[in-house]
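Input: one structure, supplied below.
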Amino acid sequence: MLASPVSLALTALLAPGAVALLLAVATPLRNRKSAIVLSVLAALSSLVAAILLVKGQLTPTPPQLLTVPWLLQGGVPFAEIGLRIDGISASMLLVVTFVASCVQIFSVGYMHDESPPAQGRYFTYHSLFLTAMNILVLAPNLLQLFLGWELVGVTSYLLIGYYYRKPSAAKAAVKAFWVTKFADMGLLIGLLVLRSKTGSFDWDATITPQAANLVTLLLFVAVMGKSAQFPLHIWLPDAMEGPTPVSALLHAATMVAAGVFLIVRGWPLFELAHSTRAFMLGLGSVTALLAATMALFQNDIKKVLAYSTCSQLGYMIAALGAGSLLGGFFHLTTHAFFKALLFLGAGSVIHAVHSNDLRDMGGLARKMPVTTLTFVIGALSLAGLPGLAGFFSKDLILEAVGEHGFSLWLVLLLVSAFLTAFYMGRLLLRVFFAPATEKSSHAHESGGFLLLPLGLLAVPALATGYFGGMFGQLYGTAYHFHLGNIGILAAGLGVLGLLLSYVLYRHRAEHPALLAPLGRLIEHGPMDRLYEGGFHRVALPFAALVGWIDRYLVDGVMNLTGLAFIVSGQKIRRIQTGIATDYVLATVGGVLALLLYGVMR
Amino acid sequence: MSDAWLALFVFLALSLIVPLSMVGVAWLVQVRARKDSPLKLQTYECGEDQAGPTWIQFHPRYYVLALFFVLFDVEAAFMLPWGASVRELGVVEMTVFVLILLVGWGYAVKKGALRWQ
Amino acid sequence: MSGLLHGLLYGLPIITVVLTVTALGLWFERKFAARIQSRKGPTMVGPAGILQPLADVVKMLQKEQLTPASADRVLFELAPILCGAFAVATAAVVPFSPTVVAADLDIGVLYVLAVNALVLIPVWMGGWSSNNKFALIGAMRAVAQSVSYSVPMVLSALVPVILAGSMSLSDIVRYQAEHHWFALWPTIPGLPAFVLFFLSSLAEANRIPFDIPEAESELIAGITTEYTGMKFGLFYMAEYIHTVIASAVASVLFLGGWDGPFYPGLHWMVLKTLLLFASIYWVRWSLLRFRSDQLMTLCWKWLVPASLLLVMAAALFVKVGGGH
Amino acid sequence: MTLGLCLILSAALFCIGLYGLLTHRHAIGLLLSLELMANATNINLIAFSRFRGDSMGQVFALFSIALTVTEVVVGLAIVILLHRAYRDARVGRASEFRH
Amino acid sequence: MIEQVGFGLVAGCIVLAALLVARAKNAIHGVLWLGVVLGATAVLYVMLRAPFLAGIQLLLYVGGVMTLMILGVMLTRHDQHEAALERKRPWLAGVLSLFLLGMLVTAIQTSPELHASEAAPATVKDIGRSLLTEHVLAFEALSLLLLATMIGAIVLLRRDRPDRLVEESR
Amino acid sequence: MSVVKAKRQNPHFRLDLYEPEADLMVLNFGPQHPSTHGVFRMQLHLDGEKIVKAVPDLGYLHRGVEKLCERLTYVQITPIVDKNDYVSPMHNEQAINMAFEKLLGIEVPRRARYLRTIFAELQRMASHLLWLGTFALDLGGAIGGGASVFLHCFRERELILDLFEEVTGARFHYNTHTIGGNRHDITPGWAQSVKSALAVIESRIPEYESITLSNGIFFERTKGIGVLDGELALELGITGPILRASGVDHDLRRDAPYHAYDEIEVKVASAEGGDCWARSVVRLAELRESLRIVRALVDAVPEGPICGYKPIKLVGQVKIPSGQVYSAMESSRGELGTYVIAGGGEGNVSPYRLKIRPPSFHALSALPYLLPGHMVADAVVILGSLDPIMGEVDR
């Protein structure tokens, strides 16, 4: 043991934290290359700490807690903050720091053309994000988790709006912020309810199933927001306005998975809340299918991946709903790796082609062999091709859902598995194997900074599946892989989907006529339209009403008061001479008056 | 107040008396001019009239020097009680203290704040 | 009450002796400098001109005292008196022998340092109140030089404090008598600290050979430009008194004070003091002047960090068990 | 010499400092008055240390002196800056702050 | 007896010099009078059996702060040194101060007298030990404060281009 | 004082040196100042201790020598001009008489030319020794190491003055040169005295070098201080060691030989850098070179008459008809020129107009260029390194 778990966790938390703080304060430092070096170093040291932590957790140890009381009220702490180190947080920490390190290294190459201050800003946000995520992951109770949760939301907002000069980016940032903030209200209320019911923010507090249902439902609202579950998924595709590495880190691998992590962390509560879990199973499955269909017709490579992320998050939620803690988390892990890989691969492609549009791409397999190879690994892993990471975790989920017999949800999930393979096949073909277009003909392989993380991520995307046992150990449950009927079925559907896409899109760029109407429907974004309609019908008139009241009633009162204050202020402001001695005089006078009062009394 | 201090104050009084008496004697025995001459009381500036005022505003860089002196003196003031009993106390704490101050010193040297001109 | 008596009984002779030694030192310097310059020096007053300083004092007493019309009168008159008083005041704590010490304070070292820090004020006062530009430039130089050199001085004075584990000058001498002189062992903090202390205590009071504030080739007579008669004499005397006492303090702190074989303590103390005193004049009459900024750079760039290192070295030496 | 006398002396010094603080216009004058007040508090610390036979007061006074020194350092730097901005060190001139 | 007389002398000295500081017509004189106050306070410290603090007072306050103040005065324009003469509402300030003094004195008089403890006064070694054991955190924090002061003052006083000159020469 | 105005007044006002946060102190440096080498005033504008602007002001020692010469006969002029450069009177006499001889077209006998060369070089040594002493005084102060150097230099200079005394009977204002040659011949044992004096001086030169050129403090105080580039020096008409220290190799003894310089090779010392250090190096090298020249010549003095003009019995005896001439020689400080328009006065016994070109005057004109940017202490050093003699500057 090199160091105690607590100090390791502190390292993982404080290294990026210190860097973020330093860079935030020291502008000259931020405006140079040193920002990048510091930030990457911090991420790497976090990663090392996380690896050592996980290594320590492989032997069964009780959870380590380091807490300090916070907000003392008459000697009794309102809550505690600190660290909790156990298998769950350690493994999540590993995932987060690993992906974050890869993404930061990738960003060094990807953001190379930005001005140094802009890069500094970018990496500062990244360090901040890593800090926030670590706060969240290592939280010993829900309150601190909420803290990290909100911080993560802020950094997400900052990073989506990174190109703040672009109106769409700014809009997307605001949208993401508001949607998730709206959902976060659930978490906040849930927290308070939990506190009022149990007197603490700990998730393993004793609680009645009823209360657990209420609390978890409220928490789940937040999860829906953060993890982009239907119908609050609308912000995620828009969030793709941020730089691609950001999409990879926040909006595919880690932040959106925070919702899943919340459920995992709060499992003692969720385990009791059967109705919530039933809701989760249903909503997760529906999201998985809906998002998969939406992914079919996107022409923006990142949006395809974004919807795919939604869909996979749906899987995880469904798994947790079905009661398979390990399934949900295992898929979270594998998904983090291969989705980050896919996003970074997409980033590499975008970097080469200078376009997001699938129609501009093609024939990149020759030009970018490494990118292609790693991308294909990620895509096949996502499609659930047997032997790859995605297959094992997806299989675990489907097994868990199918455990209670054949159900609608299982069908939805299977269909979406098929669709997943289908749209990933289309993506692969369009990007890499279709004939080259004008734009893609000038593309060439990316540099080392871009390829290194791709290679790094490809390894777990290939092999994580075989470490299920290890994850089981970390979770204290046994995991044995056995290929059941459902597994074979899913694998078969996956292969079928790939084949179908090969048949349909081998020679053509457009969607086949058969799918055209569906495509048109989905392309126009029914959900967005729904929201827009709702917004126009309900929100705007309400706003108008409020506006009227505000303008004529409230303002009138306010103006009157304001006028009164202005008039009196003009009189009183003579007191403010700006001369220090006058203030001293006033202070002394006040003190003397107080003294007098004390003496008289 | 111990005897040594009383003795010190007596000594201080004596050491003040010595120059006072010298000036006093000088005042008594000095040669006095029969007639006052304003020229004699003029400020000496190499034989010319004063060119501009003497009590001018000086440049702030002189201040930085004094500032460093005072801060290092503060440091020394804390080192004195430590130094008198190093045998029982730690060196590490003081090393940290000194190192932190040396950072400031290095900064000042780098910025050229400790120059006199 | 015995304190009062003690102060009087020891103070008066000590002051008298210091003044006499200073006068002799003045004569000695003139002879010494004359030898260096292949001259004879004073010969007329008394045997070998030994009464020359006395003649000088008489001359100064008689001279007309002028106060420039535009000077700040009070400060102008006060400055030389304070200057003389502060110069003598340091002698209070110097142990000239195991028994001959006017006030054996247990914070003697701190007292010496504090009085040294004060000397700056009358010097500056004299320069500023003259309302003379040369004097003012001299005063500014004096301030800068004093404040700069006071840092290495304080720090190097810490070395014997650390080694002896006491701030009393008598204790420090006693410790050296029992062990070894600090300038000899431990040589590494000891000897450099001795040199540093001695030089910077001279520089701190703008004394020879650090008399840049009075550099007459540049500033006429520096801070004393406007002073005449005995007031000038006081500045002049204070300079020599200070040099004598700085020599005494340095020999107490680093050269074992009254410690020495064969002869009584007082003899050794006087001998060491005079040796240091002579060495100053040797340096003074054979070296050219640095420029003020060069001296300042020397101090801040090298002496300050060096003295800090010496202090830490002394602490380490004590810590590893040297000198028990 | 009793504790009461020391405290009264300190109070007197403090009030004189306060008087100076209220009447001075020159920023240096203000700093001088502040020094008086700080000195008054130090006298208190030492006096209590003496009459309670406790070294804590002295340690505190030591810290207090060090802090006052840094206060003067920064205070004077501000005075110089004010002077740089307004060519005037009278605090009244700095009332342009309020605009 | 000698203590009483000494205290009376020192206290008188302190109060008188302090009054002169508060009423100083010339900033330089004010600074020098402050030096008298601080020096007399050092003597008071000796009487209060805190000789180490007395030495520090001389070294830091009288030697250091005075120097700073003197320089501070010289860095401002001389025609304003006399401006200390201008004072505001001396009556109001005097009344307020006297009032406060009265209250303080009453409070001191009415509070129980603390008798001098015969405990041995703190030695330098006690102070050193206390500094590096109980107060070691404050001690290290102080070094940080000193560092911050150094850097802060340098940054404050630094000026890369004399912009006023640039304006004038345009 | 408005900054901009000052800038207009003096093109070399160093604007970049002045940060207007502080007031400028205007300081009269001189006329009564220990280090102004006579009565000379510089008005220094100081920012703290840094000189921002320097205005030299001269004329405190003006005696109207040139005007006086118009009223004196040619014979009477020689002792008067002795007092111009009172540190090297021999050069003054030689310069003025060379001009008269050139006007009259008189050939100076070879022995006289040899003697004149020896005198000139001895005088140069004396002058440089004095410069070294006063320069050290500037650097080290009258109560300090400077005084020691000063007194040592004077000790050696005394030997040379003794030599002159032996020949001329005077220690300072010799009046030994006359039109057509010298008035006093050397005494029989003089050559021997010269050689023994030279031996003493030569043995002490390493000592001087050890307290100046190989002394760290001296180096710190002079290196890079008061850098004068050769171009500016030429533009200002600066000659002599100062010019040679700026890298311009120019010496009248070699480039326009007079006296016996055409018979002996003069190794001209020059240095690069143009700072006070280089000037010191040049002067010390010249000291050695003069020593070598004297030593080479003193044994080779040819026999013969010492004056090519008829013996002068009356002061009004020398009459020079109308004409004008400029003649120049290399004094210790540079080109000492004399411009004479003869034909004035009654009966052609006095010059109509006489103008002396003193090298120190030109050297002083470099001050406004050299001082700004340096500190007060450097001002003294720079002034000392220019080695001005106010007697010849103000005349």
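To keep things simple, chains are lettered A, B, C, D, E and F as they appear, and every chain counts its residues starting from 1.
Definition applied: contacts are C-beta pairs under 8 Å (C-beta built on N, C-alpha and C of every residue); 3 or more make two chains touch, one makes a residue touch a chain.
Keep in mind it's a predicted model, so treat the numbers as computed, not measured.
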Chain D reached from chain A - shortest hop count over touching chains: 1
Innermost chain, where centres are averages of C-alpha coordinates: B
Winner on C-beta contact pairs when B-E is weighed against B-C: B-C
Distance-maximising chain from chain B - centres being C-alpha averages: A
Euclidean distance of C-alpha centroids - chain B vs chain D, Å: 21
Chain centre separation in whole Å, for chain E relative to chain D (CA means): 5
Chain centre separation in whole Å, for chain C relative to chain A (CA means): 73
Chain centre separation (chain A, chain F; CA means) in Å: 88
Multi-partner residues of chain F (at least 2 other chains): 19, 21-23, 25, 27, 33, 48-49, 375
Sequence positions of chain C contacting 2 or more other chains: 105-106, 110-111, 117, 128, 133-134, 136, 140, 143, 147, 150, 154, 167, 220, 292-293
Residues of chain B engaged with two or more neighbouring chains: 5-6, 9, 45-46, 50, 54-63, 66-71, 73-74, 76-78, 80, 83-85, 94, 98, 105, 108, 116-117
Partner chain B, residues of chain C touching it in the complex: 2-4, 6-8, 10-12, 14-15, 19, 60-71, 77, 80-86, 88-89, 91-93, 102-106, 109-111, 117, 128, 130-134, 136, 140, 143-144, 147-148, 150-151, 154-155, 158, 161-162, 165-167, 220, 225-226, 229-231, 233-234, 238, 292-293, 296-297, 300-301, 304-305, 308, 311-312, 314-316, 318-319
Residues of chain F that touch chain B when the two form their complex: 1, 19, 21-33, 36, 41, 43, 47-50, 375
Complex contacts: residues of chain D adjacent to chain B: 62, 65-66, 69-70, 72-73, 76-77, 80, 83-84
Partner chain D, residues of chain E touching it in the complex: 3-4, 7, 11, 14-15, 18-19, 21-24, 27, 30-31, 34, 37-38, 41, 44-45, 47-50, 52-53, 56-57, 60-61, 64-65, 68-69, 71-73, 75-77, 80-81, 83-84, 86-90, 92-94, 96-98, 100-101, 104-105, 108-109, 113-122, 126-127, 130-131, 135, 138, 142, 145-146, 149, 152-153, 156-157, 159
Residue numbers on chain B that touch chain F, as the complex places them: 45-48, 50-52, 54, 56-62, 116-117
